[in-house]
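The structure's right below; bear with me while I get my questions together.
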Amino acid sequence: MLKYLIEKEFKAIMRNKFLPKLILVFPVMMMLLMPWAANLDIKDIKVAVVDNDRSQLSTGLVNKINSSTYFIVERYAKSYNDAKTMVQNGEVDIILEIPENYEKDQVREKNAKVNISVNAVNGTRGAMGGAYLSNIISEFFSGRNVSGQTALINVATQTRYNPTMDYKKFMVPALMTMLLTLLCGFLPALNIVSEKEAGTIEQINVTPIPKFTFIFSKLIPYWIIGFIVLTIVILLAKIIYGVSPVGSLATFYLLASVFVLVVSGLGLVISNYSNTMQQAMFVMFFFMLIMIMMAGLFTPVDSMPEWAQLIAGINPMRYFIEIMRMLYLKGSGLSDLTRQITALALFAAAFNLWAIISYRKKN
Amino acid sequence: MHIFRDPRTILILLLMPAIQIILFGFALSNEVKNIDIAIYDQSHDVASRMVIRKIGESPYFNLVASIDNMNDANKLLQSGKAKVVVIFESNLYNKILHEGRGDVQVITDGTDPNTSNAVTRYVQVIIAEAQQGLTNNYMPVNAELSMLYNPQMKSSYSFVPGVMGMILMLICAMMTSISIVREKEVGTMEVLLVSPMKPIYIILSKAVPYFTLSLVNLTTVLLLSVFLLDVPISGSLFWLIIVSVIFILVALSIGLLISTLVDTQVAAMLISGLVFMMPVMLLSGMIFPVENMPFILRAIAQFIPAKWYILAVKKLMIQGLPVKYVLTEVSVLVGMAVVFTTISLKKFRIRLA
Amino acid sequence: MTGKFSDRERVIVVSELTKKFGNFTAVDKISFDVYKGEIFGFLGANGAGKTTAMRMLCALSIPTSGTALVANHDTMRESDKVKSNIGYMSQKFSLYEDLKVWENFRLFGGIYGMNDREITEKSNLMLDELGFMSEKNTLVKALPLGWKQKLAFSVAIFHKPKVVFLDEPTGGVDPSTRRQFWELIYKAAHEGITVFVTTHYMDEAEYCDRVSVMVDGRIDALDTPYNLKKEFKVEGMEGVFLKLARGANRKEI
């Protein structure tokens, strides 16, 4: 019985003018563009310098800043107000103001200060830029005071898993998750409800087909689409970005298949409760946005307030992003991922059971 | 107008922006904190304890484990239970006193480069402070930092304009396109088209309810931002609203355009919901600074209305700049509205002919 | 109640079947029997409760009270057994438009547990009888309405159900197609399939073995067309219907 239903789902998808294109083109487009966009690397922050000292020291400091990859000294401003106008026009992000007699004071009292004003409207860029700039200035001076006192404790740092600190390596697995969630979540959400709108669901409801079989027949096609999308994005990630999973590919597919069941299950539940496609779309959309934003995809979950972390705890996408990043970058095995796998399995079971129960053949 | 007969959809449309602005306004933050840290202390002396105490007190760190071998350190990092491990060599304090130099190793999980960077910096700062405490040798402060426009560094300041742009764009474009295509699909569009009503009025009659709804949403979002998230409207409220209205018009015209391009509701929904969602989230500067992107993407971003809107809102609302600073943004948005509307009206007429 | 089938097995047994939506009683304690091989006409104005009653018999809708046995199975407790023994054609065309003609046969045959070979043989046979072989590979959405209706009927009886329920099967098609459609119904009845049909075309009522007339959720008359006409002293079923409908309180919806 199942065979005939699945066959029908595939024909319906393939004959749609739009869906096959979407399934193929959307992932490709996104993989081509998005890793370049989703970049929080801090570099080329534009600095306006207000140098009221014009001494050797101030010039040295400015050169030091300019030589760092983080900063570009974009402009010299005549006055602080002049520089502030540049900030307002969005020409620069940070103002560095060096006071008059800076060199003299520095030599005499050793506590002359420069002022750094950050355009803090751009959260990350502002905050990080300000901190980096103060670091560079401290370094500048610690390099000059060759008293040897500064380096009592030597801090050796080692970065694991992503030693080149490549932001793309961090984002690519997450973007894959996002793609998978969007395609395998939205399509099923629209599926059952579209049969309701077309009236074909009546013809199905009057047959002795078990609810389980029906839901299963809706699930399988998206499962397979998930695999196709996944394979496309894995290949693209490898070809374009040279990123491939450090962990086992089999584990990767296995866990992805569980995740697809979770999102498709959620989609079907929503589809069951909706009367029109419009409703289904908005509800799905609502959950999608929350899932994506609360998944640690763009901003770390650890930085969220307690209550938001609780919400993130019931977000299946969050677990899968963790899995993806761990598999891709750390090569973690199943044993490292037990917590995430358990969570995903529970979600998959719960959503699909719910989908079966909420599908009503009678009213 | 059918939409007003469907209380569930209406509820979603009105609640969605409210819930999202609250959720994202409070929850999203690029600031790195609560980092799970593990300590491997081989020294157990004054120096290491001082650093550990400071780490424990820091709001940035969350001490999850004290371990006594490298193996555990590797395991914690591998399983993600710790994002950073700090290792103190034995006899740290003695070495500092007698050799003038002690070693501390910091191993970070570089999966997320930003977190990793931040973590390294935090640890360095903490150790430097501890060192000053140990030697009573205070380093001079070299720089005074001030945060313009957002002195408390609240991340809601940078996320609110983004969320506003995203919500208004997606809801308006989606609603309009779906409702028009729905009429096409059901066939009622034909009935309207043969009526003596001019096409422009038909389109207007479709757009007005959504326009109204969007204004309600705008109001909710602004009220919540100001009173709940404490994001001030530092500039002129009047111009903020004007710019928002223009942006809503752009969104509506995009919805209109989509509806002239596709024939089925599913396609309209998927295009406006799915194909639009990623670019708006990623390219609008809402989360990721446009300045960081390579040239091609920066070029593409110029065509995303939300990018201009978010810029304008940041300037008007957060920076409190007078309207002359957003003239570029406003004219781009007006231009977009005009272009999109003209194209879709043309397309609409062709269908009639 | 007379009829040439009354000595036969009863395929549908309905007693006191009621459906309420809030305060509104859509179907009000209806009771009747339908015999094997019979063409049973279910008449009534729009809103009289025909479709609601039929949906309960198809186990699509749960009755508020009362019982219905279809093919010896209770529609409430054994709905899946009821469903494997019935065919259904809804008022709104509801085959898959993006499937081809043969693919619709294949899908529904498969759902009712037929195997590939049975499905192929049966669908070829049916298409042949319909004179529809040339359209085998046509997408259903490309067919004219009349053909869609005939196809929907063929799909509804494809798995040889004991009863087939037809909800206004000839709505919106031209008279000659309607005649052809009724030929199909006769043929099915001849093969032993009980036909339960709602309609508001009075000439079609004449084709039925027995006719029930629903008014305001009740069955106000049930007999052969001949007896009904005699009882109400009118020429055609139209007259019977008008006389009964005059007493209706519900407005047409």
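In order of appearance the chains are A, B and C, and numbering begins at 1 in each one.
Basically, a residue touches a chain if its C-beta (ideal position, glycine included) is under 8 Å from a C-beta of that chain, and two chains touch if they have at least 3 such contacts.
This one's a predicted model, so the numbers in the text were calculated from it and none came from an experiment.
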{"item": "Minimum number of chain-to-chain touching steps separating chain B from chain C", "value": "2"}
{"item": "Between A-B and A-C, the pair joined by more C-beta contacts", "value": "A-B"}
{"item": "CA centroid of chain A to CA centroid of chain C, Å", "value": "55"}
{"item": "Whole-Å gap between the CA centroids of chain A and chain B", "value": "11"}
{"item": "Where chain A touches two or more other chains, by residue", "value": "16"}
{"item": "Residue numbers on chain B that touch chain A, as the complex places them", "value": "3, 6, 8-9, 12-13, 16, 19-20, 23-24, 26-36, 47, 62, 77-80, 83, 92, 96, 100-118, 120-121, 123-124, 127-128, 130-131, 134-135, 137, 139-151, 153, 155, 157-159, 170, 174, 178-179, 182, 262, 264-267, 269-270, 273-275, 277-278, 281-283, 287-289, 291-294, 296-297, 300-301, 311, 314-315, 318-319, 321, 325"}
{"item": "Residue ranges of chain A touching chain B (in the complex, touch as defined)", "value": "16-19, 22, 26, 30, 33-34, 36-44, 84, 87-90, 110-111, 113-128, 130-131, 133-135, 137-138, 140-142, 148-163, 165-167, 170, 178, 182-183, 186, 190, 194, 275-279, 281-283, 285-286, 288-290, 292-294, 298-300, 302-305, 308, 311-312, 322, 325-326, 329-330, 332, 336-337"}
{"item": "Chain C residues touching chain A - in the complex, by the definition given at the top", "value": "58-62, 79-81, 83-84, 86-88, 90, 92-99, 103, 106-113, 139, 155"}
{"item": "Complex interface listing, chain A residues touching chain C", "value": "1, 3-5, 7-8, 11-12, 15-16, 198-210, 361-363"}
